Each structure stands twice: as C-alpha cells, then as structure tokens.
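For reference, the structure I am asking about is given below.
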Amino acid sequence: MSTIFGIPPQALFGQLLLGLINGSFYALLSLGLAVIFGMLNVINFAHGALYMLGAFVAWLLLTTAGIGYWWALLLAPLVVGAFGVALEKTLLSRLYKLDHLYGLLLTFGLALIVEGAFRHFYGVSGQPYPIPDLLRGGQNLGFMFLPNYRGWVVVASLVVCLATWYAIERTKLGAYLRAATENPVLVQAFGINVPLMITATYGFGVALAGLAGVLAAPIYQVSPLMGSNLIIVVFAVVVIGGMGSILGAVLTGYGLGLLEGLTKVFYPEASNIVVFVIMAVVLLIKPAGLFGRER
Amino acid sequence: MPGLLALAVLLLVLIAAPYVLYPVFVMKVLCFALFACAFNLLIGFAGLLSFGHAAFFGGAAYITAHTVKVWGLPPELGILLGTAFSATLGLAFGALAIRRQGIYFAMITLALSQMVFFMALQLKFTGGEDGIQAVPRGHLFGVIDLSQPMAMYYTVLAVFLFGFVVIWRTVHSPFGQVLKAIRENEPRAISLGYRTDHYKLMAFVLSAALAGLAGGTKAIVFQLATLTDVQWQMSGAVVLMTLLGGIGTLFGPVVGAALVVTLENYLAASNLPVPVVIGVIFVACVLLFRRGIVGEIAARLGGKRP
Amino acid sequence: MPDGATVRTAMLEVSDLHAFYGESHVLHGVNLEVRQGEVVTLLGRNGAGKTTTMRSIMGIVGKRTGAIRFQGQELIGMAPHRIPRLGIGYVPEERGIFSSLNVEENLTLPPVVKDGGMTVQQIHELFPNLQGRGSTQGTRLSGGEQQMLAIARILRTGATMILLDEPTEGLAPVIIEQIGVAIRKLKQRGFTILLVEQNFRFAATIADRHYMMEEGHVVDMIPNNQLAANMEKLHTYLGV
Amino acid sequence: QQGKISGDVVKIGVLNDRSGLYADLGGEGSAVAVRMAVEEVGGKILGKPIEVVSADHQNKPDIGSNLSREWIDRDGVDVIVDVPNSGVALAVQEVTREKKKIFLMQGPATSRLTGDACSPTGFHWAYDTRALAVGTGQAIVKEGGKSWFFLTADYAFGHQLETDTAAQVKKAGGSVVGAVRAPLNTADFSSFLLQAQSSGAQVIGLANAGGDTITSIKQASEFGLTQSGQQKLAGLLIFLSDVHALGLQVAQDLVLTTGFYWDMDDEKRAWSEKFKAKTGKMPTMVQAGSYSSVKHYLKAIEAAGTDDGPTVAAKMKEMPVNDMFAKNGKILPNGRMVHDMYLARVKKPSESKGPWDYYQIIRTIPGDEAFATMAESGCKLPG
Amino acid sequence: MASDVILETRGLTKEFRGFVAVRDVSLRVKRGSIHALIGPNGAGKTTVFNLLTKFLQPSNGNILFNGRDITAVKPADVARLGIIRSFQISAVFPHLSVLENVRVGLQRPLGNSFHFWKSESVLDRLNGRAMELLEDVGLAVYAHLPAAELPYGRKRALEIATTLALEPEMLLLDEPMAGMGHEDIDRIAALIKRVSANRTILMVEHNLSVVANLSDWITVLARGEVLAEGPYAEVSRHPKVREAYMGSGHA
C-alpha cells in the first residue's frame, strides 16, 4: 500500500476528518468570541465557562426535566443567551467607557465564578450525556468509522457559521455593529438603539458558545472544566485569524482543527502546542493575523 | 516624601514579621509580592497587560530548582540562572507580543505562556505532574545555612527589597518617563524620535527578569518547582493581586499579594469554593474599586500616586 | 422681527437649556429658535458651548434640563436613538468617520428616516472626491474628504433638520464654496439647518440669522441682513 | 515517652483535593471515612481527644507543602491523610519526613513514594502504580488479552504507568504492538483512538488518569472500539467514582484493578452502607483506605502509648492490618501496605442490579504479587 | 553640505491598492525657508508628510535630507536626524502634565532615556528650557495641568512646543491652525515666524491668509501631483490653482 510520509493515505483522511470535527468547535467558539469582540471590544474570557454552561443546561434539562437533546439544542442556547444578557445588562455595560482591558478582567472573574460554582456542586469528573438515539451508530467510510453524531456536528456548525457570517457581513447589521464598537454615541445619534444592539450581540455570541456546549455534551464529558481548557486554544485561533473578521475566525477555526489533526498523526507530543507555535509564526509574518486589519 | 516614609514602615513591618507571623507564610507573600510588582511594572507603567507572566515566574522556578538540585549549584547561582532564563524568555516573548497592543497583547502572552506550560509538562527534567521536589536550600555564598528559617527569611527579604527598589527606580527614571509617554501616545513618541519598540521590549524584559527572580527564590524557599507556577491560573492570580492592591501604584501589588495569599490560605481550610470567592473579588474589584486598595487610599488622601 | 419670520412655524425651540458634563455646568440657560426652512448659525469663541448645544439637542450629553421642542415634541427625556428618527440629522465636529467601515458603508450607515433624501448619485455630484472610493477604509480618506463624507451621509437620510458642526474645518476654499452652494440648495428644497461656524465670512454668505454664544449663554441674535450694521458687536463677540 | 500525647490531643489532618479533578475519589468522602474511624474508637485515645481537620490543597504542591508545614508547626497536627495527586504527595512527604510526622497516603499513585522518595514515617496504603500495572497488565494477559496498545498521557506519570504495565505484560507472555502519547488534558482522543483501533491490538491500555481517562473511555465507546468485541479497554487507573460518572452504558466491559470494592463481603458492605448513608455515595478505594489507615494508626498509638511519629511508625509496621479493608495486610519497612488487589470488569447495564452495582471481580491478585518487595522498591531505608 | 536645499524628494510616489495618492512628486525645500504645501482635500499633502517621516513607505522615489538618502530609514530615526512633525489631529500625551509633555521632547537628546537606574530628577534641569518653550506658545500658566484638560486650540499649541523642544532642523506642521480661534491663529503664526529664523519649516495649511503671510515658497498639490510652485502672489494667480483650490472667492 502506498503511504504519505509513512502514513497510509486512508488513515490520513480519517485524521483530517477528525480535525475538521474539532475545527467545528473552534470555529463556533471563535465565531462567538469574534462577534462579541467586534461589538463590545471585550475579550470574553467567560466564553469557555458559558460553553460549559450550555452543556450543563442540556444535561440538567435531561436529568431533571427529561427534556432531550433536540429541545436542548434550542433551549440551552436560549438559557445561556439570557444569562449573557443579564450579565451584560448588570455588569459589563458599566465598563464600556473604560479601557477594554477591564472587560477582559471582569469576564475572567465571571469565568472563575461560573466554573467554580459548578465545580462546587457537581464535582469535576463530569456527567455523562448520551448521544441522541437518532444519531447513534456510525458510517463505515472505508478508511474510518465515522460516528453519525460527529458528522452532524460538522454540518450543524457549518450551517450556523455561514448563517452568522451572512447575517453580519452581508447585511447592514454588521456595519452597525462595527460602527457602534467604535463610536456608540454617534451611532445612537443616527437613530440606532445601540444599548439594545450591544446587549443582543452579547447574548447572541454567548448563545453560540452555549450551542457549542450542547453539541459537545454527547462527545465530551459534561464537566465544569471543559471550557477552561478549550478557551485558551480558541484565543490563539482568534489571534491567528485576526480580530475583526468573522470569516477569518471561522476559517481559521476549521483550518487549525485540520492542522492539529495532522499533528496528532505525525508528532502527537506537539499537538497541544502546535496552535501556539503557528500563532507565533503568524505574528512574526503578519502581526494583524491572517484575516485581520491593522488598526 | 510620603513614598519613602511608606517604604520605611514597610521595611520595619517586614523585619519584625517573622517573629509575629509564620515565617514561611511571610516568605510566600514576599515572593508573590515581588512577582506582582514585576507584573505591575508592565501594566501599570507601560500599559501592557501580560496574561502570561506565569511563564517567567514558573520557568525560573524550574531552572533554579533543576540547577540547584541536579547540578548542585549554590542557591544564589541557581536563582541567578533562573532570572537569566526568564529574561531571555522575556526577550523572545516580548519581541513577539509587543507587535500588538491592548487585548491582543494579553492574548498573545497568554498563548505563549501556555506553550511554556505544555513544555514544562512534557519535558523530562521538569518532572511533569510531579514537578521538581526536595530541592536543597543549600548555603548562601557557601556560608549562610538557608535551612535555618530566619536565614532563609532575611535572604528572601533582601531579594524582595532589591527587586522592589529596582522597580521603584525604574518607574521614576528617565526611562520610566519615556515609557509613560509611549503608553499615552505611541505615534507621537515615535515622531519625537523614540524607538518605542525598544522601550517596550526593555520594560518587558525587566519585568520578566524580576518575575523570574521571584520564581527562582520561591523554588528555593519551598524547595520545589511545579506546574502550578506555570499555569495560566497563576498568571490570573498575579493580575488579581495587582488589581486588588492598585494597578500603577508602587505598594499596591505588595498589599494585593499579601491579601490574596492570606485569603488562599484561609480559604483552603474553609469549606468555601476557592475559585468562586476569588472570582467574586475579581468582579468586585473591576466594578467597584478599580483603583485597588492602595490606589483608593491614595485618591482619598487626595495626593498624587505614591 | 425680521422678514417672514412670524409666518413660518418654529421647527426647533430651545428654552432655558442647561447642560452638564459630569460635574461641570456648561450651558446656562440657552434660548433659541429655528424656523422651518431657515439657515441659522451659532457663532462664538472656542468653548462657548456651541457643540454642547448641538449635542444636547441630539440627546448625547451627560445631563440636560430645560426644554427642547422639535415640531412640538419635547426631546428631553426621549431615548437618544429616537431623536434622529424624528428627522434630525447631525454632522459632528470631529466628523466621526468609522475606521472599521469602508467609505460606502460609512455613507449608507445612518438609516433613512424620511423620504426626499439625496441619492448616492446626487451626493457624488456634490462631492466628486468620494466617487470611486467606496471600498477605501473610511479613515484613510484625507481629512477634508472625511468631512465631505460626514456631511454626505446625513444628506442621504432625508432628515429635514440638519445640525452641522463646523462643516468647513480643514476644507479647501473651493470645497467650502461647494458646501455653501449645497447648503443653499438644501434650503431651497425646504431643509432647515442649524450651523456652527468659526468661519464667519462663510456663515455670512448662507445664513438667515446668527445667534451669538458666550460662556454657555445666547447673548445676541443678528439677522443676516443687519450684519453690516452690527460689525462692531461682532468684533467684541468673536474678535474678528 | 510512655503515655505521651503531644499537645494533649491527637490531630488528624485530611489534606486532599476538595474541588478539583480528584475531589470525587477522595475529597470530603475521605474526611468522612476518617471521622468514622475516630468515632469507632469513641473519639478518644489514651484518654485524650482526637480531632479531625481537613483542607483543600487545590492540587498545588506548594499549597500542600505550605499547609502541612503550618498544620504541623502551628496547629499541632500529628498525622496527614490522603493527599491525592502524586506531585502534592511528594511535597508533603518531604515535609513530614523533616518534621517526623506520620503520613498516610491514599490518593497518590506513584510508587516512588515507597521507592526513591520513601520516608520512615510515610505509609502508602490503598494502591500504587506498580500494583495497577501488575493487576491489569499481568492479569489481563492471563485472561487471554495478549497484544497491547497503549494510549498514554504524555507526562511522567503516564510514561511510568505505561513502562510498568508493558513490563508486566511482557513478563506474562504478552506483547506490546504500539503506543501513542496524547498530551495531558486532551479534549478529543478520536485521532489517538483511531490509531489504537487500526493497530489491531486486543487490549488498549489507558495509561492516563482523571479527566483524560474518562474522555478516552467515552470516545472509545462512541467510535465503537469495544462494541465490535475484538478490542478491550483496560483502564490502568480507574476509581469507582469514574465509572459512576461515565455510566455503565459507556464504561461497560472495561477492565481495571482496584484495592477495594464495596460489594465483596458482608463486612465491606456494612461499612460501605454506613458510609453511603453519610455521603450518598459508595466509597472508593481511597476513601475506604483512609478509614483503614487511620484505624491502624490509632491502634498503633494505643499500643505504643505515645503519638510520637517515629515510634508510632515503627509500631504500625510491626502490627498486621486487619479490618474490613484488608485481611492480613502487612507493612513493609518502606511504608508500603501490602494487601490483595482485585481485577474487575465493569458490568453491562443489563447485568447491574441497581445503582453502584458496577463491578464483577474476576481475579484476586495476592498482595505479594501486586506490590514490589522492599528490595525491588529502591527505597534506601534500613529494611 | 551647506547646500541650500535641505530636503529633496525625487519622483516620490505612493500607491494604495491601485489608488495613487501621491504621484511623482519632486520637492525641493530651501534651507531656512517656510515652505507651504497646499492643495485641495485629498491632494496628498498628509500622505507626503507621512512619507517624509516614514510613517508610510513610498512605493517609488527617493527622499534626500541634507544630501543623504533617507528613503529606507525608520520613523524614529528620521526624527533623530532632525525632522520632527506635528499631526493633523492633535497629538499630545494626555495624562502627562503640560510641562512633562514638553520634557518628553527635551529629554531625548540627553541620551539617558534607557537609564532605568537613574532618578528622574536628572530631568529637572530641563524645566527651565521647558518653561521658556511654554512661554513662547502662551501655555506657561498651564504648565502643571494635565494636557487632557487643555482646550483643543491649546493642545495644538502644546504640540508645537513639544516639537520645538527637539530643536529640529526641520519642522513639518500639518494644519497647525485647524480648529483654532482667531486670537490663537495670530499667536501661532507669529511663533512660527519667530522660530523659522534658524530652521526650515514645511507646512500644510488651508487658511490662505496664514499661508500668504508666512510662506516664502508654495507648492500646490492636486490629485497627488505638483500643480504649481512659486511665491504666493504668483501661485495664487495661476488659473489652474484657482480652479482646483482657491475657488472664486480668493484673489
């Protein structure tokens, strides 16, 4: 059998496909981060915690109310979004006039609280969440066994990412969002309800994290720590992609998922740091990130 | 000079502290205070928020622990090597990170330090999850036996004071003045002929080196170096200390470090969830008293920054 | 009262307006009136409170008291984003071009609030500099081009009352002339304009009346046709 | 020395992870188990009261060493119990060695604690990496699982577990066909599992711990690794709490080694039910071990008539361990408590009669086989 | 090197993604003169400034300063050679005091700016000179106010003082009068006249009376190209200049 760098091509395809699945999560999360950053100029450190919250809400719905996956897919993002709206209204909105770093610090504190609270009540070993019946089993693709659920994750995230990208870049909304980031007072003076828009955006970005959480629940353990480990990688993804570009966030998310997948085959020991190495290289060559704009 | 007065008071308190408080505890406070002061040099006076300072603190701890334990170097040399390592690392990270500002800078430093974390986890000499344990304290300059608690204590105090004075001097130096100008308006500073990247990098390296000094010293005090020191939570902790005490004040980080360390000790023995309490304090600081304790006091007294 | 003033209804009435930035009290009881179809200027030295008056009308200063009535509706207490929807357009002093938007996005950003605004084509005729620059980042335009863009985007919205804060700052003489022409055209089409100007000579060519501001008060009002007779006063007010 | 209790109170400090990854396998449960032991002796020993304090080391070695130092120096703590996380345990071992206090380890895994890092007053009770390797490695080969592939957490602990187990596998006549090193805290193991799957090995050994183990087991089930029946998962470090978290649907047929299971005999059942009444959960081997070790410790004080560390340690090593946890357990000079270990298979949901009915014990591994001898251990203490 | 041309550009060109902002501009600025650069909005004046100070990299062409080719020199180093600019939108250090703002300028030539081990009191000897400069621009009374609290026009004056602090051989002023009231305009115009005694000034300005009064030589840019050059009287009669820039109102 012919090989590519000593790896059978089929194994390689398998790994690439798996990378794409991971990339789906990166893309969804960095998309949410990018939307929030674009609008509020806040690096939402709590993003990982809210992703975790999404998974937990799904789990709680299932275990306490018997509400299954498909409803959770709708309800959990709504709950997380509502929580985000509350956070924005009560806490974040007080910081807009200050240095953006305070937003980062505030959300960092929030992340600690949310994660800590769940740790306190549910421990860290995590809770099991079953794969929905409809998506059990998998397809034998010849080169690998693809669980149906993973296939669904790729499709769902692609659809959501594209829809969001379209809504933001191809409609007026995106221009409002970007303009309001820069000069909310003036945009207000053009007749746009900026506070509402900011709140809605934060709620939406956070709901995306919640959605990613629900999608992740059946794959990973529903654990209070699931977000904090992921979030730093997603930060790196966002730096590589370059802030201010929705499409950049999405494409980089998928791209890095793929690259990481390859690393796991060729040099697994480095798969944890490959994203950071790429980040360093990108910064050297293009300080603004691959799709970013120098400001 | 209210600043000098405050320094004198601080000095007296610290000289007397080990007779009243548990010396190991005070040493821990001192190490973190120095770490926080080093961090504050960057955020408070150059406007750069590093979210990856654990890399310098913990990196130096590993180097010091390794050189002292495995190579058998005397403690002072071990700490020096740790500091040098952090300064070098600071040079590399700084050169990358200062290409961006603000939040980007924070995220880049965070990501780079995460790289150091994974290296520490995977490299052989760091001992992975176990860390480097049972590091001998040894004899300072071959004479002073550091296994004596008081000898160790006053050594740590001396290291702390050295670091603190360096920072004090830096802030109120011609260099510090340019740093402030750059923080305020970088293009203008450039147009006046300042090569701003060099200044920022210099500040970054200084800060990294001092953080390394703190980390190396801590490795000798606790006789170990572990992943805790390089984790991103450590970077978060130092931000909290500085924020709590007062960003951009000289004494703030010291006060903040003392508070956070006390709190962690106290919480460890209670049933309260530690991260939640720390998180609440974080949020409260950001929302309610951004100037931090020392900053707030200084503002109340109506004076300038101490 | 000057010509025809009484027949036309008051479009905007400001009475006893006080405004604050935090602790500092900036406007101390401003009174003025702009009638339908008029061009009125606010003149005064740096810091007299002209910009603050405009920002008060738009509802974007910290705190304000008194009364601001637009076509009979009270604006104080109204949510800031609703004020422009009544048909008031604002061109800020600092231009407020968005760097994250390109020229076209900047131009089409403010929502159309009334029919009868200018089309993009008409705007390009008015400001040829903007033609073909649609994809340039907004703040990459030259200072003067940014000023044109700031005016242009309001003309698109169909706002019937336009507040222009120092529209000629940083513009080349030819362009200033063009803007004068444009304002006159707008006036013919029935727009009402409140204008802040340092460039007194320019103001004199287009305005119906001039309000003089000093230290947060309106201290005088001079109809344009009585300017010549009042040069003395103007000297003391403006140092011209 | 006779009849002397320092500070007129015996203070037991339960130091463990109360909020992190190891909170479920030890945590407050260990403290409860210790209190049960204290209650059984009436809360008093040699006429002096026994006190239990507990604290969270947050998995940070420096916090752990600091806390234990303070406990001993300022609060007069006489013995430290549990301390999961090998890194923290190694740090605490240094402190207790220096201060000559008893250290009863349950949670930590590394056999270094009775090897190169052994201490005259340190006791390693419930299990260690060597016992796990022997149990799972040798026993499974004997059960027919000949060819192995390791999924290893890429750090010292994982490497050690892999090397130890591989050695046992080979010793028992099996073979190792490959291994892949996954970084710690990997969120997605699918690539590695794919490699394991295509290796064709009969047994996939999970040389990892905590969250990594849980995630890898869960995803193995998702990718249908075990359903085919050709491959078997062997968890090298798995606790009852992990299986509980995973659920039987996912964990079924997993093979693992444990030092304790509640449903093995009446004595264990009775104690465990009492424990469950207090905590709502069945005990893990760590929690049961905490109970057992404190029980033994108190007995030794009684016998020695003092709570002086080295004296009590010597006494403890003299006496056999006999309680619901261990029968005829003996303690080696290096502090290793030698007792039987068990190879268990996780039941299928259909086999389980209800909550906590998780394991089927398929083999008993005699203590002498499971644990290293004093000579093998590498401990430099006088034996 | 005492040639009478201090700054020269040859075929300077700047292209932004297909849009040519500056095309083949050759300037010669005479030592000791006040040279005005005027032109309609978007003509490329600020871009030329950015090119001269290297805030932008030219697409084509060369820049010579005192006969030396500085086309490849970095911005901070251009400043070190003695070309200091002011910005079209005022640029001060907002939270430093007015005095400290000027000192930032005075400090650089001391060469101690990296000395983190020295006390900042070594800078106190600059205070006298700083106050003189503030006196010149009428800001002495505000010396200890944070720069942020100055009204706009005064910030511009402060910027000029900071610029002068470096004793630049050549000053580039981008619309120094924009946004100033009448009195301030007169003061700054007088100041510019005064400081021009021993240095060269290149200035962009739309206020034609200022240009007419101050400048020795004028270059008119339009659409990135040089349209005309000469003294004011001559340039202002140029029909193309009138059409492109001055309009009918100015004679």
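Letters A, B, C, D and E mark the chains as written, and numbering starts fresh at 1 in each.
Throughout what follows, a residue touches a chain if its C-beta (ideal position, glycine included) is under 8 Å from a C-beta of that chain, and two chains touch if they have at least 3 such contacts.
In this text, all values refer to a predicted model and were calculated from it rather than measured experimentally.
The set of chains in contact with chain A as well as chain E comprises B, C. The chain with its Cα centroid farthest from the Cα centroid of chain C is D. One finds 75 Å separating the Cα centroids of chain D and chain E. Inter-chain centre distance (chain C to chain E, centres taken as mean C-alpha positions): 31 Å. Distance from the chain A centre to the chain C centre is 45 Å, each centre being the mean of its Cα atoms. With centres set at the average Cα position, the gap from chain A to chain D is 37 Å.
Within chain A, contacts with two or more other chains are made by residues 116, 119-120, 269, 272.
In chain E, there is no position where the chain touches two or more neighbouring chains simultaneously.
Shared interface positions of chain D, defined as residues touching 2 or more other chains, are 19, 154, 183-184.
Touching chain pairs in this entry, ordered by label, are A-B, A-C, A-D, B-D, B-E, C-E. Those residues of chain B that touch chain E in the shared complex are 166, 169-170, 172-178, 180-181, 184-185, 187-196, 198-199, 202, 206. Chain contact summary for the complex, chain B toward chain D: residues 22, 24-25, 28, 118, 121-122, 127-131, 133-134, 218, 222-224, 226-229, 264-265, 267-269, 273-275. Only residues 19-21, 23-25, 27, 154, 180-188, 190-192, 194-195, 197-198, 210-211, 214-215, 218-219, 222-224, 241-242, 244-247, 249-250 of chain D touch chain A when the two sit together in their complex.
The residues of chain B lying in touch with chain A in their complex are 49, 51, 96, 99-100, 102-104, 106-108, 110-112, 114-115, 118-119, 122, 232, 236, 239, 243, 273-283, 285-287, 290. Considering their complex, residues 58-60, 79-85, 90, 92, 96, 98-101, 105-106, 108-111, 113, 137, 157 of chain C touch chain A.
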